[in-house]
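Below is one structure; the comments refer to it alone.
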Amino acid sequence: MHTFPEHLLQGHANFMAGRYMREKDRIRDLASEGQNPSTMIIACCDSRAAPEMIFDSGPGELFVLRNVANLVPTYQPDGGQHGTSAGIEFAVKALAIENIVVMGHGRCGGIKAALAPNQAPLDAGDFIGKWMAMLGELPGQLGKNGLMTQAERQTALERISIRNSLRNLRTFPYIAELEKAGKLLLHGAWFDISTGELWIMDAKSGDFQRPNI
Amino acid sequence: MHTFPEHLLQGHANFMAGRYMREKDRIRDLASEGQNPSTMIIACCDSRAAPEMIFDSGPGELFVLRNVANLVPTYQPDGGQHGTSAGIEFAVKALAIENIVVMGHGRCGGIKAALAPNQAPLDAGDFIGKWMAMLGELPGQLGKNGLMTQAERQTALERISIRNSLRNLRTFPYIAELEKAGKLLLHGAWFDISTGELWIMDAKSGDFQRPNI
Amino acid sequence: MHTFPEHLLQGHANFMAGRYMREKDRIRDLASEGQNPSTMIIACCDSRAAPEMIFDSGPGELFVLRNVANLVPTYQPDGGQHGTSAGIEFAVKALAIENIVVMGHGRCGGIKAALAPNQAPLDAGDFIGKWMAMLGELPGQLGKNGLMTQAERQTALERISIRNSLRNLRTFPYIAELEKAGKLLLHGAWFDISTGELWIMDAKSGDFQRPNI
Amino acid sequence: MHTFPEHLLQGHANFMAGRYMREKDRIRDLASEGQNPSTMIIACCDSRAAPEMIFDSGPGELFVLRNVANLVPTYQPDGGQHGTSAGIEFAVKALAIENIVVMGHGRCGGIKAALAPNQAPLDAGDFIGKWMAMLGELPGQLGKNGLMTQAERQTALERISIRNSLRNLRTFPYIAELEKAGKLLLHGAWFDISTGELWIMDAKSGDFQRPNI
């Protein structure tokens, strides 16, 4: 007897009857030959922002790390257990990934907590606050409260945080080196969970823009 | 000009023309009313093991944390930046999630590294080794080398690690409490990236079994 | 008067009215011309793992030796009465068999006894313990108790034992020779008595895998 | 890649689509609750004499040991590896079987070898000759050559050997005891591989007769 959620079992049966049946040979090849994705996505845990859905991607395409608010810490080889850094190291060193995309999204709960750190139910927690503190002074530098609306402040910090994560990625020596050698590209993206739109960061200006497609 | 990967842009255009068009109303509601998933999945970054694919799930259904080898640390409220613990805290405290699934998978690169820690290209890294060291003595207790095949040792450790993560989840005081009160269920699952099969952990014995569906 | 089990008599009547009637000519030919099976199966006595059922095979197809836990001893031409070796010798020398399959199965009582040798009701026996001792050091090398579940330890040993039997088969000089000459193939297989699935051993790695059919 | 015999893979696919689909629930119950057969059959490896075929039996019904010529040795608790005795011990002690059937059959290759021990290809072997020597003086006591035909001598020895095995079974102390207590019945049977007929041994006279059904 198990208590495994019925909706997951039904979903898996759909997968088996659908995608798996259609792509069986490719999936089996991926298993025996190993994964070889060209892109890593660092995304948020949010249930509305799954990279595979947003990019309509199939098995083997995206190496995906998901944490709260898609944050990347600076390079800290201090012997601590850095899960995000471990994922980045695996992607770059073991998989020789060519692109890393830091993808934020609208109405992000982690960013919201960073803007209102003393609000229930997370104020008493041990981890979220500390995790979002990775943004350091950034939330406090956002300008006087009441100037931008709450929604504007949030969108602003979501994008500021993506640029911050990209800066932090470049503190990893091998990432800086590979990027300089033209072997690794770093990208920022922001997904609007309401309109479905994808906004891409301009590498030079740091602005987020709708792609011309 | 941008260098954003073309395959991602094309994939996103597919999403907009497909799923987004079909589910527009639901996606917009999810954005304005907030996410309310009942299930958190802790999964691996592996490109072949996306929870949304495996469970054929749509936007709003799964709160997904992905790190290397789907590890959960013990509860360590030491002020450090614990990304996985932050995700768990967010799921339980902010979203009042009802199920947490720790989902491992076959041929996991992180588990492989834990079994052969001195192998290139990860031997010289700063993070993977330390991250997988979360498994502590477990890899070394696996029995004599050459008895089980490499693949069997790996599957064994993948499952041992899932049980270990579930044990670690229960060191979070609020998780132990909610589970005891019947308000939160913890599950283990293992995905065969080759056959597409899902194996579910029996809560009592810890064995992984094919669901009877 | 006889006390012969009624269910066997009824079963035999079914055989006569069914298969025998349908395949009478072939069965009579097999009797007069002699058996000429191309495959020997070394299987367990377990009532749930009959090779003829598992392979849906008819009369004349499989030369089947069944002992507890489908064990094969090493070549020991010491003048002792080695029943399994006699069966192998008959298959290879008298029947010129082309395939030998060592087929284990899940939840094997003999393997269970090897893992827990001091448990009733077999602890006081004269033969099972000694028979399973053919596995030598293997059960003790399986790694720390409590790491893998009981069921996982058992499956691991079931498969380790199959590989051990295949190694032992190769200690028979004529088997090694015929295999080298490409005239005899050795195979490992493992039957899941619950799901009905057959797992086939990869000759190179020793791994057990679902066949791609 | 594997070289597993195609006819076995096809046969197994037939099993899965046929019997397994029809009896899935019962087979799964047998797996989880354990086997509980009431009858052990000691039979020959011959490909034309599978007990499950002869008795049209399903999974869980028969605990089947098969060796060359369905021989049972005497009780020899000498620490040697007696495979047949291990099977008997398991059936009686672990499964509390109620019936043991020693089933011989016509045109048995092992019995033929016992009657012509110096004939190729088995004369030079290490095991068959020694195994059939379990019959001791019996073949030599069969009467002068040329008196009975070869076929008559063979059928005679096949039946003599069954009675000998039943005598040997009774040298196992617990078998003698259980039989005396009416808790275990011993039976002899002989299967005609040509006509499909089953001949049952009369417990008193030792004669083989067609059952009245």
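Going by the order they are written in, the chains are A, B, C and D; count residues from 1 in each one.
Note that contacts are C-beta pairs under 8 Å (C-beta built on N, C-alpha and C of every residue); 3 or more make two chains touch, one makes a residue touch a chain.
Which chain is which protein? Per UniProt: A, B, C, D = Carbonic anhydrase.
In this text, all values refer to a predicted model and were calculated from it rather than measured experimentally.
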Intersection of contact partners for chain A and chain C: B
Chain at maximum distance from chain A, centres defined as averaged CA atoms: D
Whole-Å gap between the CA centroids of chain C and chain D: 15
Distance from chain C to chain B - Cα centre to Cα centre, in angstrom: 39
Centre distance in Å when chain A and chain D are each reduced to the mean of their C-alpha atoms: 65
Multi-partner residues of chain B (each touching 2 or more other chains): 195
Overall pattern in which the protein chains touch one another (line/ring/star/complete/other): line
Which chain pairs touch, all of them: A-B, B-C, C-D
Interfacial residue positions of chain B with respect to chain C in the complex: 138, 141-144, 147-152, 156, 159-160, 195, 205-207, 210
Interfacial residue positions of chain B with respect to chain A in the complex: 2-5, 7-16, 18-20, 24, 27-28, 30-32, 34-35, 37-40, 45-48, 50-68, 71, 73, 75, 77, 79-91, 93-94, 99, 101, 106-107, 109-110, 113, 121-122, 125-128, 130-134, 185, 187, 189, 193-198, 200-203, 209, 211, 213
